[in-house]
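Both of the next two complexes hold subunit A, though its partner changes from subunit B to subunit C.
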Partner chain A sequence: MVIGIVMSFKELTQFYIRDWGTAPWSGLSNYRVSVDFDAPVGQALLHSFFVTVAFTLLSVGLCWLIGTAAAVYMQDTFAGRGLLRALFLVPYALPVYAAVITWVFMFQHDNGLVNHVLHDQLHLTGKPSFWLIGDNSFYALLTVSVWKGWPFAFLIVMAGLQNIPRELYEAAALDGAGMWQQIRRITLPSLRPVNQVLVLVLFLWTFNDFNTPYVLFGKSAPEAADLISVHIYQASFVTWNFGTGSAMSVLLLLFLLVVTGVYLALTSRGRRTGDV
Partner chain B sequence: MRSIRAAAVGAVTMSLALAASACGGGSSSGGGSNDSPKTLTYWASNQGASIAVDKKVLQPELDKFQKQTGIKVKLEVVPWSDLLNRILTATTSGQGPDVLNIGNTWSASLQATGALLPWDAKNFAKIGGRDRFVDSALGSTGAEGKDPAAVPLYSMAYALYYNKQIFADAGISKPPATWAELVADGKKIQAKGKSALGAEGSNLSENIHHVFVFAKQHGADFFTADGKADFTNDGVVTAVKQYVDLMAKDKVIPTGDAEYAQNQSVSDFAKGKQAMLLWQSAAANLKSQGMDASAYGIAPVPVQSGTPGTGTQVNSMVAGINLAVFKNSHNLDGATKFVKFMTSDEEQKILNTAYSSIPPVKAAQEDATFNSPSNAVLKDTLAKSAAALPQVADESQFETAVGTAVKDLFADAAAGRAITTDSVKSALEKAQQQMPAK
Partner chain C sequence: MSRSPMAPPSSFLWSRRVFLTLLTGFVLVPVYVMVSSSLKPLADVTGKFRWLPSGLTIRPYIDIWSTVPLARYFVNSLIVAGAATVCSVVIAVFAAYAVSRYSFRGKRVFTVTVLSTQMFPGILFLLPLFLLYVNIGNATGIALFGSRGGLILTYLTFSLPFSIWMLIGYFDSVPKDLDEAALVDGCGPLGALLRVVVPAAIPGIVAVAVYAFMTAWGEVLFASVMTNDTTRTLAVGLQGYSTLNNVYWNQIMAASLVVSVPVVAGFLLLQRYLVAGLTAGAVK
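Now for the complex of A and B:
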């Protein structure tokens, strides 16, 4: 970590990587380049940052929603519940690379399954769409990310639900509370501590996710899906400017620390007042 | 509760910190030596249809080398997607192979890192002298005026591969010699329900190789004489536009090719779905995909008008693989011996035949194998009308920046957006701004 921070203050290009101790100090210039939002590098970083924030919010929100809905639904016993539960966990259990490469095939323009269904069978689009290049790539990325992430939310929420005493629901039902009332008044408040950790973990994972966009799009992601992790990778490895790449990483680290701190402070204060 | 929370925050912080700094590196130690004279590690690039094919080709030769010298060579074939990163990691850590293959366009970039053994007159003398190699191949071994960072191993050139049957069906008697003819022939082919020309729109290197040649044909360069990026001059803009227009305006490249990056266009050609392919030394690749050599013809890549030559008549980059020695090697003498072995006339014939490339060694090139009609086109192109990609230290950044710009333009074209001189220029301007400031 210290090395990473030291590197961010150096002019570490290909001329110095062989012995990077000798790279000249560049002071804050790597940072200045990264946050100068009028210049192309800073602009691109800012753009990538916004894309990542939007992507993360949507992905975490959807993962949580689908995961919770599925977990609540699975609480009732019915035939085939075990099978469905196992099935739901498959995306989470598959190796990332194998799973995402399958999506790449499905998203292909000419022979992909997605276009086959949307265009050839359902005729929803006028002509086959591109999913791996251009603007649609954002939705492709979101789809894969949610598909990959929601089973984790499902698993955690399901575990959380086991701890809610059934008597609470029975009492509520006697008092005439409907399904929605029960979820709103009992399930969600009881899940609060679980959700606090779940959302944070999902947020950090999604924000930092490198494998999904890298396997989907390769070294240079389309602008619409230019996530910050790949962006930093490109800034350091592909253009061989490790100093600027490190500076961006340090900035990202600071941002995530701030978000995590604020989030924990807010949610735990909320809980303390809720406890009273 | 409070302490648990503090611990949780601490743990999260630590994991973030570790994740963010996971790409640290050690500094390398000094130069090479001859501490371990009995072994060598060799990183070969993936030249055959698969890594297994490469091992099959190379292993018998390495065994031969061991018999001659007693040096055991440990072979690792590194896929192209990883090779440059692996070399960079090796450079940073000082822990690398003794001998390695590099793409010849990386020569100047890697030369700038100082990780590769310079081939000065003394080192060249050990492998039989500089004169043994063809000039055009030597032109892609490092920045001008500096000792080469590597020696040429395999040479390749672009050619136009065309499906004879599809051409006959469309009533075309000879392959197109100019771009205008190519577009006209493309229309005839499309009328018969086949696709005309393939491209790898999302493959940055392919994009670079093509726009480089188009730029040459418009008398333009991507770098000024003193090595500064100059991506927005009129010639370059016209060149990039002409290449993307093959999809956008002329419509001879199918829009689906915009997302190709894994050589799908070669498969389309091998399967007989597509009539033409611009590729470097594709024979071995096509054969492995089941296309018989008699099914296709090979012609020079088209030019704007006239016939291929120098200057604006250039129709290929000097493509190829170079062999380099890692400066930190613990067996420098052995490594030099291995380079001598691999560039010997006999090995050159064996290896270049296996990979359907052209030997950069003059004597080996004379061999009858390389005078077949198909090889003659490649050999001719290399000798007369191929130009080396800019040998500047920023070459690999240039490939990424401009390659991405072309990829994005293809994506626009595929989505049906207009490709105009302005849109091309602004894409190139953005690419230029990403280049390191001088």
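Now for the complex of A and C:
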């Protein structure tokens, strides 16, 4: 119990310990370097930030959409449902590096599956494209992230669906509501509280995700897919600039705190007025 | 759970079939690539991609153990993930029980802190933990940096917040009358927890254990910075196949499959508990 409290507080205070440990006191200069958007460091950070926002919004949206659709479609029993459900959870259960390394193989320029299908079999592209460098890397990253992330949404929505009382559906059926109407009027509104938490958690996890881009691209990500977590890692451990690295981390944390606060305030208020 | 007594309309059935077929394809293609490539001879994976192997071979499964010291990585991962899971579950059970059943000063602060750690980027802890471990090592002689212990401690801080949070929800759903009855019957608070509440909360605890194990088994960032040659885990070790002159894709796929099988099998066996645990715990 005590250890539990200490642990969770330790995480909070660790970067203060670090700051005490650093010998030369640099004041706010690390922050100034990070947010000076005219200088290369600040510009790179800003670029990385926008890439991350775009990536996170798309990834969370797609994960949520696919997960919810799959869970709603699979609410009723049908032949093969259990098998499908187990299958759909495989991407989530696979260790990140094993899954992502498979995608790396599929995205290879010369011997990968993606180019083979798109170029050799479907003839969609004039010449084989590069997926892990250049502009395409953004879509590669997005694909992998959605592939790996949607089963979590599926799992949570599935759990949420179990809490919807059967009587609601029966009453609606008696009133003559069809399947689609039941989904729109009962299922989706009932999922609102679940979605509130789900979208937030997905957002935070995707925004902070390091494992996927790191395994996909290695130590230095291509510019089009330069996620903030890898960017900070690079600033700290590749260029050995720990001060700027931690300044960026703290800025990132502040941003996430603000977003989470605003999000919770907005969605909770919406829910309260929605109930009335 | 069936939704309505009447048969679904054909538009629903039709769209369901299309959607689920596409999704199955999307999910299965990488899995197929992983399995089929792991059985291919090297020539098949260095040349143009082919759907069907030119010949099946189990050679990659034999070679993976000698190309990199995979067995050692495997043992390291098992020790680290196993220890992190056990500690995480034990601590989370006690912490969640305290929050769920007793009121104490700082309880609200505690739960809010636990929740808010979810939003911290892992990269934020990397520097402080790195320096902290080095400093502790210098001051006390306990080598945390590069050791399995340091990694276990790190993963514990990852999985604990979510575990505690989920178990609080789960314990709240176990009726208080149950442990009051146990207290009346002469159990201490510890007895009530271990004999009554824990057995009633098994699905939640299993879900937490699965979560903790998967977090530790799949983590890359800390494993890549905080391990050395003898304590390296699978997450980093797997990259050993691609940093050599030749990229042995068939061996990479075979190794990926080997390290995935224990987790995926465990996950699928326990998925019923997981859904039940999530229903009662996190989703409320």
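Worth a mention:
Everything that follows uses one rule, which is that the second predicted complex is superposed on the first by the 248 of 276 C-alpha atoms of A that agree within 3 Å, B and C clash if a C-alpha of one lies under 4 Å from a C-alpha of the other, contacts with A are read in each partner's own complex, and residues count from 1 in each chain.
By our rule, a residue touches a chain if its C-beta (ideal position, glycine included) is under 8 Å from a C-beta of that chain, and two chains touch if they have at least 3 such contacts.
Because the structure is a prediction, the values reported are computed rather than measured.
Of the two partner chains placed by the overlay, subunit B and subunit C both lie in contact with A:Val250.
In the superposed pair of complexes, A:Pro222 makes contact with subunit B only, with no contact to subunit C. Once chain A of one complex is fitted onto chain A of the other, the partner contacts of A:His109 are limited to subunit B, with no touch recorded for subunit C. Of the two partner chains, subunit C is the only one that A:Ala98 touches; subunit B does not reach it. Legend: residue contacts after superposition of the two complexes on their common chain; A:Gly261 is shown touching subunit B, with no touch to subunit C.
Once chain A of one complex is fitted onto chain A of the other, the partner contacts of A:Gln181 are absent, as it touches neither subunit B nor subunit C. Note on subunit A: of its two partners subunit C and subunit B, the one contacting more of its residues is C.
Shared interface residues of subunit A, touching subunit B in one complex and subunit C in the other, are 1, 3-5, 7, 14-15, 17-18, 21, 108, 110, 197, 204, 208, 236-237, 242, 245, 249-250, 252-253, 256-257, 260.
Listing the residues of subunit A that touch subunit C in their complex gives 1, 3-5, 7-12, 14-15, 17-18, 21, 66, 69-70, 73-77, 84-99, 101-103, 105-106, 108, 110-113, 115-116, 120, 147, 155-156, 158-163, 166, 169-170, 172-173, 178-180, 182, 193-194, 197, 201, 204, 207-208, 210-211, 214-215, 228-229, 232-233, 236-237, 242, 245-246, 249-250, 252-253, 256-257, 260. For subunit C in complex with subunit A, the residues that touch the partner chain are 1-6, 8-9, 11-12, 15-16, 19-20, 23-24, 26-31, 33-34, 37, 45-50, 91-92, 94-95, 98, 110, 113-114, 116-129, 131-132, 135, 156-157, 160-161, 164, 214, 217-221, 224-225, 234-235, 238-239, 242, 249, 252-253, 256-257, 259-260, 263-264, 267-268, 271, 274-275, 278-279, 282-284. Across the interface of their complex, subunit A is touched by residues 5, 8-9, 12-13, 16-21, 23-25, 27-28, 85, 88, 91-92, 94, 109-110, 112-115, 201-202, 204, 255-256, 258-259, 261, 393, 396-397, 400-401, 403-404, 407-408, 410-412, 414-415, 430, 433-434, 436 of subunit B. Interface residues of subunit A, counted against subunit B in their complex, comprise 1-5, 7, 13-15, 17-21, 39-41, 44, 108-110, 130, 132-135, 197, 200, 204, 208, 218-220, 222-223, 234, 236-242, 245, 249-250, 252-253, 256-257, 260-261, 264, 268.
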